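Heads up, there are several structures right after this.
Two complexes, one shared chain (subunit A), two partners (subunit B, subunit C).
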Partner chain A sequence: MLGLNKKDTGLFIFVICVTALAPFIMNPFPADSAMAQFNAGYPDLMQRFVIFGIFAIGFNILFGLTGYLSFGHAAFLGAGSYAAVWMFKLLSYNIVPAIILSVIVAGLFSVIIGFISLRRSGIYFSILTLAFAQMSFAMAYSVLTPLTNGETGLQVYNDDPQWLKGNGPDATHFFGLEMRSTFDLDIGAWSFSFNVGYYFCAVLMLVAFYLSMRIFRSPFGLMLRAIKTNQTRLNYTGLNSRPYTLAAFVISGMYAGLAGGLMASMDPLAGAERMQWTASGEVVLMTILGGAGTLLGPLLGAGFIKYFENIFSKINESVLHGWFGFLPDGIENGLIWVIEHFVGSGWHLTLGLLFMLIVIFLPGGLMEGATRIRDRFSGDKNKKDTEGKYAPAGE
Partner chain B sequence: MDAILLQILNGLDKGSAYALIALGLTLIFGTLGVVNFAHGALFMIGAFCAVTLQKILTISSVSIDPEKKDFLGNPMEVKTPYVESLFGEATGQLIINWSVPLAILFAIPVMLAVGYIMERGLIKHFYKRPHADQILVTFGLAIVIQEIVKHYYGANPIPTPAPDALRGSFDFGVLLGFDPNAVIYPLWRLVYFAFSALVIGAVFAFLQFTTFGMVVRAGMADRETVGLLGINIDRRFTLTFGIAAAVAGLAGVMYTPINSPNYHMGMDFLVLSFVVVVVGGMGSLPGAVLAGFLLGILESFAAMNEVKSFFEAIYLPSIDQIIIYLVAIIVLLTRPRGLMGRRGVMEE
Partner chain C sequence: MGILEIQNVNKSFGGLKALQNVNLNIEEGTIHAIIGPNGAGKSTLLNCFVGKLVPDTGTVTFDGHSLLGKKPHEINQIGVSRVFQTPEIFSDLSVFENVMIPCFAKRDGAFELNALSRVQGQTDIREKAEQMLIDVNMIDKRDMIASSMSRGDKRRLEMAMCLAQDPKLLLLDEPTAGMARADTNNTIELLAQIQDKRHITMGVIEHDMHVVFSLAQKISVLAQGTVIVEDLPENIKGHPKVQEAYLGTAH
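On to the complex of A and B.
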């Protein structure tokens, strides 16, 4: 189907089903129960799942296939956000031109950065992209203030022209269909919300996922893998690999721009902090955590991190006391004292530790973990060697 | 002329910090072949050594002095630091006042230990892994260190003043025959520059004139052969990592009076230090130092109003924000091995 083989079609249908039914899957607990805080089925979070999913899928096309570790992808996300908000300011709240422009802007931006950064590989490439992203961040704060509104962040004001607005709605919409409108369905004690914005992002995410599948299976994708495996040898065969890496870089930059545009479409704001290198680190983390170079991995990683970020940030001392109330006081207080460091505002600490643990013990991410478990149970002795799965180019 | 001198001096303190951090980065990369994204965190730990020592020295006993009244008429609480009751008031106050320079003595063993633990506990397992893994794991470590510091010291900058004696400014121009008051420069920044020059000199002397340094240099050139000669090169490299950590830490300790330390100061310096290393030439120690000072001075020149307005005229506003990156891009495109990098070393 659609030019995919049987296995990929199965995977694609699985992903379609999961995203379509996400409002049910994410809300497994009744709305009033004590477990409701583990629900993730509210629009804002579900939108973030798919938007960061797109971002990570795009990053994976570069990092997973070519092995070029970019530390500056957030710059494209930020550029996409700014472009989208400008379209809201100038034209109307219709998100179609905004998203198109954000992809184009991010694409052009990534052509420039990619053209320069890809002259080097390995660590130099990482450092160069990092430097570019920091430069963009610094410029968004200072020089480009007329474009970016500096520290305040770019937003839509009442006196903005919005030439095409007419009688259109005052919130982001898709030809009249407002992104924020949500349909709530109550079944017994359960409550599910179906949000227009989420489904819009989800459709684009599925398109993005399909494209990435096609890229993975195409001759172009094969070439990218060859670059990762041994770029020197590829060069010796008389092949210039730079157009391929540049194409991969631009594609992943456009994915990031799309994610940025969608982010602004859900909430018409754009700030420089989206470009900061910690944001770039986050997408690296998502891809690694899920499994770089796998199809499903980045989606999994994005969902995992966004879910736990949300849940962990909500847990505080009183919640912990509620959980461990059955323990003797001394043990309870000791345990809570320890856990407290990792939840709430300590979420970043957990994230850093998780990151280290994954890189140390499971370089292939969750997907490798799943494969290992499956191999153990099926007793398959012909395990594939996953060592050095994403060695950077030029090694 | 005096304006130019002033800008050079202004660039020296930042340049010193860049040079010291870049020196450590290069030392680690040259010996262990590891790209250490946690090096900024080491700089930050150093700065917080100074904060910690200041806190330790000002631990006070609280007594109520019935003689003195506060503005509400209640007896006033008097805090007496233990140091003062131990050494007498004058000496105690002097010690507290000099806490930042004293922190050097405190930071050296701490940083050596941190470096040792880091290398033995974590980095050691990453020698054979790809550079991407090294970057990622040290990046994770940097986040962890940063969050721990944030947890214990809070998110706000903590002021750690320089000693009173070194706090004023200094008429540097007079020494060189300019008019008085033409080139006035904060004294502590001069101290910082002198200190970093001393540290850099010490590191180079150590590598150049001791047997240990000779072995390390040999190991940088050809690790395997040194190992075959029956020398335990790993142990020496571990110590080199400790030294690199100590250099970064000392840079942090002495930087605290210039900028009050906060938990993300390391990250801010790290990115620029990497740029410095790349410009200087990966693996070249003199290159790192040279590029550090050069870029620091360049940055301060770009902040001059005359230069700024010149670049604004050719549509490059706020050149001071991006000059370092621009220079790095130009260097990488025209001379990929960096200013002082050896031909063929890491040119890919």
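On to the complex of A and C.
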């Protein structure tokens, strides 16, 4: 179906089902129960899942296939966001021109950075991209203030022209359909939210995922994997690696731009911190945590990190007291003193530990874990790790 | 007139003169061996053919094209393929994918953004790659990951990858270095077969005299950066200059 083999079609249908049913899947606990803390089915977070999913899918096309580790992809995310907000300021709150422009701007930006950075490989490439991203970040704060509105961040003001607005809505919308509008469904004790913005992002994420599957299985994808394994042989086979890596870089830059444009479309403001190196590092973590070079890995990694960031960071002392209230006071306080360092503002500690554990025991990321579990259950010892990665194109 | 002509090539690294006024002609359709003691400049010379090094002076002409200043992939696209001392293959990919890549390079040139078609749908490429694997007797290993094979098989695969491009000139840098005797003989057989079937011109750099004398139709002996003798194999064996280069002067 759609030019995919049977296994990929199955995977794609699985992803479609999960994203479509996400409002149910993310809210497994009744709204008033103590476990409601762990529900992730609110619009804001679900939007972030799919937007960062797009970001990570694109990053994986560069890093997972060619092995070029870019440490500056947040620059494209930020550029996309700024472009989108400018469209809101000048035209209207319709997100279509905003998203188109954000992809184009990020694409052009990545052509320039890629053209220069790809002259080097390995650590030098990483450092060059990092330097460019930090430079963009610093410039967005200072000299580019007329374009970026500096520290305040770029946002839409009442006196902005918005030439095409007319009587259109006052919030971001897709031809009249407002991104923030949410339909709440209450079934018994459970409550589920269906948000327009989430579904809009989800559709684009599915398109992005489909394109990445096609790239993985294409001759282009094969060449990118060849670059990762042996660039010397590739050059002596009559192939020029430079345009291949540049194309991969620009494609992943455009994915980042799309993610940035969507972020601004959900909440029409853009700040320079979106370009900072921590944001670039986050997408690297997502991809490695999920499994670089796998199709589903980056999505899993993005979901995993965003879930922890938003759920673990919300658990505070009073929540912990609620959980452990049944224990004797001394033990309760001791236990809470230990745990509180791992939750709330300390969630980075938990994330760091998990990341270390995964990289040490599952170098292939969560996807490797999933493959091992599946192999254990199917009892097939001959199927080794290569399964979960990319099926050899020679099938 | 040879297919590869090297005239007055000089190359020095700092104070070391690696090549001095080298002249060499490789005739079309022959196997031409370049031998010489360690440090004679054999590998430097080869690197000047393939674009890895640029000679200080002199000309390198292949089939009417000057090779000076061309990049490795450009030189390959006009018909020069190279086998390395340690097999350079795509070790993380399957054997079949390894052979498909040069087939793509042959068909599409140095760059083609073929991002939305499917590898599985490329029937012409797949058939050619399959035929290539049958030719080198590796079809049963087609789905193996290349890194898991023996060194002899890796060499065989590398050869298949080079041949998939139908090169006009195949350069081999010590194709049997570090191989067991049986693997060496297999390689000799394979090269002889290729020469028989495809009449590809080959330039072989080799240490192993057994290999050189079983294959070469012409031999150039390199010592201290210059070609001291160029002759037919039967005249090389007893040549006094060659013995001098290898064993030192008799005092």
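The rule we apply is simple: the second predicted complex is superposed on the first by the 375 of 395 C-alpha atoms of A that agree within 3 Å, B and C clash if a C-alpha of one lies under 4 Å from a C-alpha of the other, contacts with A are read in each partner's own complex, and residues count from 1 in each chain.
Criterion: a contact is a pair of C-beta atoms (placed from the backbone, for glycine too) under 8 Å apart; a residue touches a chain by one contact, two chains touch by 3 or more.
Nothing here was measured: the structure is a model prediction, and the numbers come from that model.
Student: Between subunit B (first) and subunit C (second), which, if any, makes contact with A:G3: first, second, both or neither?
Tutor: Once the two structures are laid over each other on A, A:G3 reaches subunit C alone.
Student: More residues of subunit A are touched by which partner: subunit B or subunit C?
Tutor: B
Student: Where does A:F132 make contact in the superposed view: on subunit B (first), on subunit C (second), on both, or on neither?
Tutor: Only subunit B is touched by A:F132; subunit C is not.
Student: What is the contact status of A:N235 with respect to subunit B (first) and subunit C (second): first, second, both, or neither?
Tutor: second
Student: For A:N333, using the defined touch cut-off, is the partner it touches subunit B, subunit C, both, or neither? Pick first, second, both or neither.
Tutor: Neither subunit B nor subunit C is touched by A:N333.
Student: Please work out whether A:P243 is in contact with subunit B alone, subunit C alone, both, or neither, and reply first, second, both or neither.
Tutor: After superposition on chain A, A:P243 lies in contact with subunit C alone.
Student: In the superposed arrangement, which partner chain does A:M223 touch: subunit B (first), subunit C (second), both, or neither?
Tutor: Only subunit C; A:M223 stays clear of subunit B.
Student: So in the superposed three-chain picture, is A:I215 touching just subunit B, just subunit C, both, or none of them (first/second/both/neither)?
Tutor: In the superposed model, A:I215 contacts subunit C only, not subunit B.
Student: Figure out whether A:M356 sits in contact with subunit B (first) or subunit C (second), or with both, or with neither.
Tutor: So A:M356 only meets subunit B here.
Student: Find the residues of subunit A that appear in the contact set with subunit B and again in the contact set with subunit C.
Tutor: Shared contact residues on subunit A (touching subunit B in one complex, subunit C in the other): 392, 394-395.
Student: How about subunit C: which of its residues touch subunit A in the complex?
Tutor: 50, 71-73, 76-77, 81-82, 84, 88-94, 96-97, 100-102, 104-106, 108-120, 122, 142-143, 145, 161, 165
Student: Using the touch definition up top, name the residues of subunit A that touch subunit B in the complex.
Tutor: Interface residues on subunit A, with respect to subunit B: 67, 69, 71, 116, 119-124, 126-128, 130-132, 134-135, 138-139, 142-143, 277-278, 281, 284, 288, 341, 346, 348-349, 351-353, 355-356, 359-360, 363, 388, 390-392, 394-395.
Student: Under the stated contact criterion, what part of subunit B meets subunit A in this complex?
Tutor: Going by the criterion above, the answer is residues 35, 122, 125, 129-133, 135-137, 139-144, 146-148, 151, 267, 271, 274-275, 277-278, 282, 317-318, 321-322, 325, 328-329, 332-333, 336, 346, 348.
Student: Enumerate the contact residues on subunit A facing subunit C in the complex.
Tutor: My answer: residues 3, 5, 214-215, 217-223, 225-226, 228-230, 232-240, 243-244, 247, 251, 386, 392-395.
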